[in-house]
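Two complexes come next, and they have one chain in common, chain A, joined by chain B in the first and chain C in the second.
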Partner chain A sequence: MRQFFPVEDLARDERFVQTNMAERLADTRTARPERVPKSKSRAASAKLTPDRREASDAARGLMHGIMTGEIQALEGAGRTAHDFAAGDGTNDTIPFELKLDMARQAWDEARHVEISAKLSDWMGTELGEFAENTVLFSAACSDDPVLRLAGVNRALEGLAIDVFTQMKEFGDLAGDPFLEFCEDWMLADEVTHVKMGSDWLRKVTANDPDRRAKALEFQRVVDKLFSFGGLRGDSDESPIALARRFRELAGFSDDEVEVISEMDRDALEERKAQVQLAQEAAGLQPEPV
Partner chain B sequence: MPEATTSPAPSTVRPPFTPWDRRDLPGMFDVNETARRVGNYKWTEMKLFEALGGWIATVPELDVKMRLGTHCYHHAWHAELWEKRLPELREMKTERLTVPANEAMERFISAMTEPEAPELTIEKLVGVYRVLIPRSIAAYTYHRNNTSEITDAPTIRSINFILQDEFDDWRDGEMMLQSLISTPDEIRRAAAHQQRLEAIMVEAGGITGPGSIGHGGNTESDSASTESAGGSTESEGDT
Partner chain C sequence: MSEAVSTSTEASAVADFESGKVTVSPGDFRLVKFDGQQICDVVAEMAELVGIPNPIRIVVDETTPLARLLSELDGTSSDAQITIRAESGALEDTRRPTVFDHDRTATSIGRMLLRARDRMRPDFADVEPDIELSVEALAAWDAYSAGRLAQLGRPINQQRWLYNYRNRFGFSDDTDAAFERLWVADDIGWPDVMNP
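What follows is the complex of A and B.
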């Protein structure tokens, strides 16, 4: 078995169709129209709520995305347990206890795949019904384990905290106790994984500020990728809220949360400006909500 | 406080071992031999959890993928138990004893982890669930049944937890294999791979080398120390 495993070789059965971030961003069908909020009502918000017209399909799509993300998180944790020998954290080694944590994470992610597969079935979704974005495993392919911790455990598992908080709320509003119950359990695990990433990042780079800076820069790149179009943020116009409290529990400092929030705001403004330009070019007025 | 009565208090004198406690003092392994075996166990469990973790991304079968993730953690936990046990056996530099039993055992792990292609799930599972885990169960059982039940109780406790996992995981793996093997060619592939790996394992003598289950190596010493029951625990290992 090779030491490092490329994202292109991820093994899937024939039901799955894979895509990547570049393809998704280049797909004009995924652009959301600019909306002019009429009031402070729930309908004026972009949050996923059961009363939205497209709520059912959006929730099913999100749950399927969660499941494929969990599959890749399982694969990524397994690879990190495998790819690096036990050592002091230098020269392509990672501490033995970090390997154990990655194995533990693999078990947690395996349970999350089980949970999200059952929830998807419960919501009427078939495996492979939606495309699988392989961005998470891509972040787990770095040959520096610290970059994997920053990109996967802190940025992407951090996003999972935001998404699970949103889905838990959706389950509550929709009166779906199964969904709320399961999301709550998965949220507890994700907070653990993010904290694991925060703690190991600090420990392994304690005497190597350059390596730490490089890892945090990589985390910002991944975070920015998921701020695209203001998908996640504090604004009502972002479908996924930034779960500040749980991020704090997971080891994010207030400053770090602020940086992500700011990045999300910038991304939202950037998208609005782009949509406005496109609408003007097409001679259209902003679509009322 | 109740008033003192005139009748004498009932005696609290009891023997140190209750009639139902039949544990024996003598055991087959001294501290050094126990540490050596525990170091081999840790090395093997580490190699196993690394392999299972690495394979997750390489198998297309979703149910197998998830089981490998679960089992990966089981073996990591076993490695952790042994890592903690080593200093209690006077080995402070745990990495010194975290080694394969011999060169053949190292070769076995290399051969077992060789399959990577997505169409080789049968070979991956055969190596783990039809060769390595049965061998691990055998070595752990031999250790548990032959070590001192009193002086080495912490090792026995760990082995009991580990054996529970091993049996459960072996059953999972065997059932996955039975559900994957359905054609003559798949039967042949499974058997051929098992035969190849088993041959290396026989050469290794088991996961702790010759004497993993008492046969091979120093068997006379084994029986001599068992018979020297009077309570001495300073018996030789069976290496």
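What follows is the complex of A and C.
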């Protein structure tokens, strides 16, 4: 079977339309909080909560993003289990036990795909209704398995922890029993996946500090990408909050979470400046974002 | 087809686009791949479908990908102008952001035209302006409007509107029964929309 599968060759049927971060960032509109009378809104915060006017459609879009993310996470874990020979972790090999963990993760992700597809149906979303951003699988294409652990298990699955926590809370507030239950169940798996990544990254690089540093640097790059221009972060302007407690359970140190929070803030400010410039260049007069 | 000076809020004056009784503002889009004629065509198609002869003005906010819609009416006669304010996400292809989508636009505009038509009825006279409506009122009105579009033959995903209705009124059998009554209704007043 073929090894090292590029993102362009992912198998999808005609329902799915793929996009990437470059295309996404080229869209210089901004999703600022709704402008309605203060008495009718919680407009001081952009957090995705059921009382927002656009909440149902925003939740549908996010759920679809979760589903396509799960498909790519399945593909990424499966690739890592297959792409590298079993060995001691040097010379492009990975420990056999790491392969087993990746196989287990692929099994988890396959269930998550099924759950997410059924949740999407429950929420009135058709498969492929929204664009599929392939940035997640891109992080799983490195030639170095340790970089994949950093990019996929720690950065990508870390984002999944944040998103699932937000969606679980959304389901709880809306009184949606299926959404809350399913997100809680998947969240437990994601914490495990991040912990696996953290543990294996330490083990495999125990005698190779340069490789570990390179992996952590790659993780920072991916984490900033996965902030999606401040979509995720501690700021009230970010719809998805940083799930600090669950990240702690998954093996992130306080310092690591703080670094991610700062990157989210930077990404948000950079995005706001980019949008402002683009809209002014287009001759429009954007409201302060 | 003619062009007139825009009254939209953009910094540079961009001519509106006019076709028949429909005006689109701005007439020239910079951040999205929309075309005034395409929008006019869909609006005219939907106005004919729901039976509205009034002049219609569409004001698109292309600076946001959100999809909020507002419908305003400057009177209740057949020549009263209907103004629909749409954030660009309400008219775009969700698979291809910034690209215009006929079906999504038809559903968005159709709902707003039905809302405007409702406001011409005496039993909707006391309803607050769209911008002041609660999320519950909007969900109920959207369910009633989307249901009527489905009755008129438009392809509508009923589950999407049921999910929105449940988010506002609770996840229960009573809520689902109320939604079903709204979905099949076609000639009810505001009190029945809120308490179907």
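As a convention for this text, the second predicted complex is superposed on the first by the 255 of 289 C-alpha atoms of A that agree within 3 Å, B and C clash if a C-alpha of one lies under 4 Å from a C-alpha of the other, contacts with A are read in each partner's own complex, and residues count from 1 in each chain.
Throughout what follows, contacts are C-beta pairs under 8 Å (C-beta built on N, C-alpha and C of every residue); 3 or more make two chains touch, one makes a residue touch a chain.
Source: prediction; values computed, not measured.
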Scan A:F130 for contacts with chain B and chain C and give back first, second, both or neither. second
Touching partner for A:A206 - first (chain B), second (chain C), both, neither: neither
Check the residue A:E114 against both partner chains and state whether it touches chain B (first), chain C (second), both, or neither. first
Under the stated touch criterion, which partner chain does A:A282 make contact with: chain B (first), chain C (second), both, or neither? second
So, A:A188: does it touch chain B (first), chain C (second), both, or neither? neither
Chain A: partner with more touched residues, chain B or chain C: C
Scan A:R79 for contacts with chain B and chain C and give back first, second, both or neither. first
Check whether A:A273 is in contact with chain B, with chain C, with both or with neither, and answer first, second, both or neither. neither
Overlap of the chain B and chain C interfaces on chain A comprises residues none
Write out the stretch or stretches of chain A touching chain B in their complex. 1-2, 5, 9-13, 71, 74-83, 86, 96, 99-100, 102-104, 106-107, 109-111, 113-114, 117, 127, 137
Touching residues on chain C, where the partner in the complex is chain A: 9-12, 14, 30-32, 62-68, 88, 94-98, 131-132, 134-135, 138, 157-164, 166-167, 170-171
Spell out the part of chain A that touches chain C in their complex, as residue ranges. 17, 19, 24, 27-32, 34, 36-37, 40, 50-57, 59-61, 121-126, 128-131, 174-177, 278-279, 282-287
Along chain B, where are the residues that touch chain A in the complex? 46, 49-62, 65-70, 72-77, 79-80, 83, 95, 113-116, 118
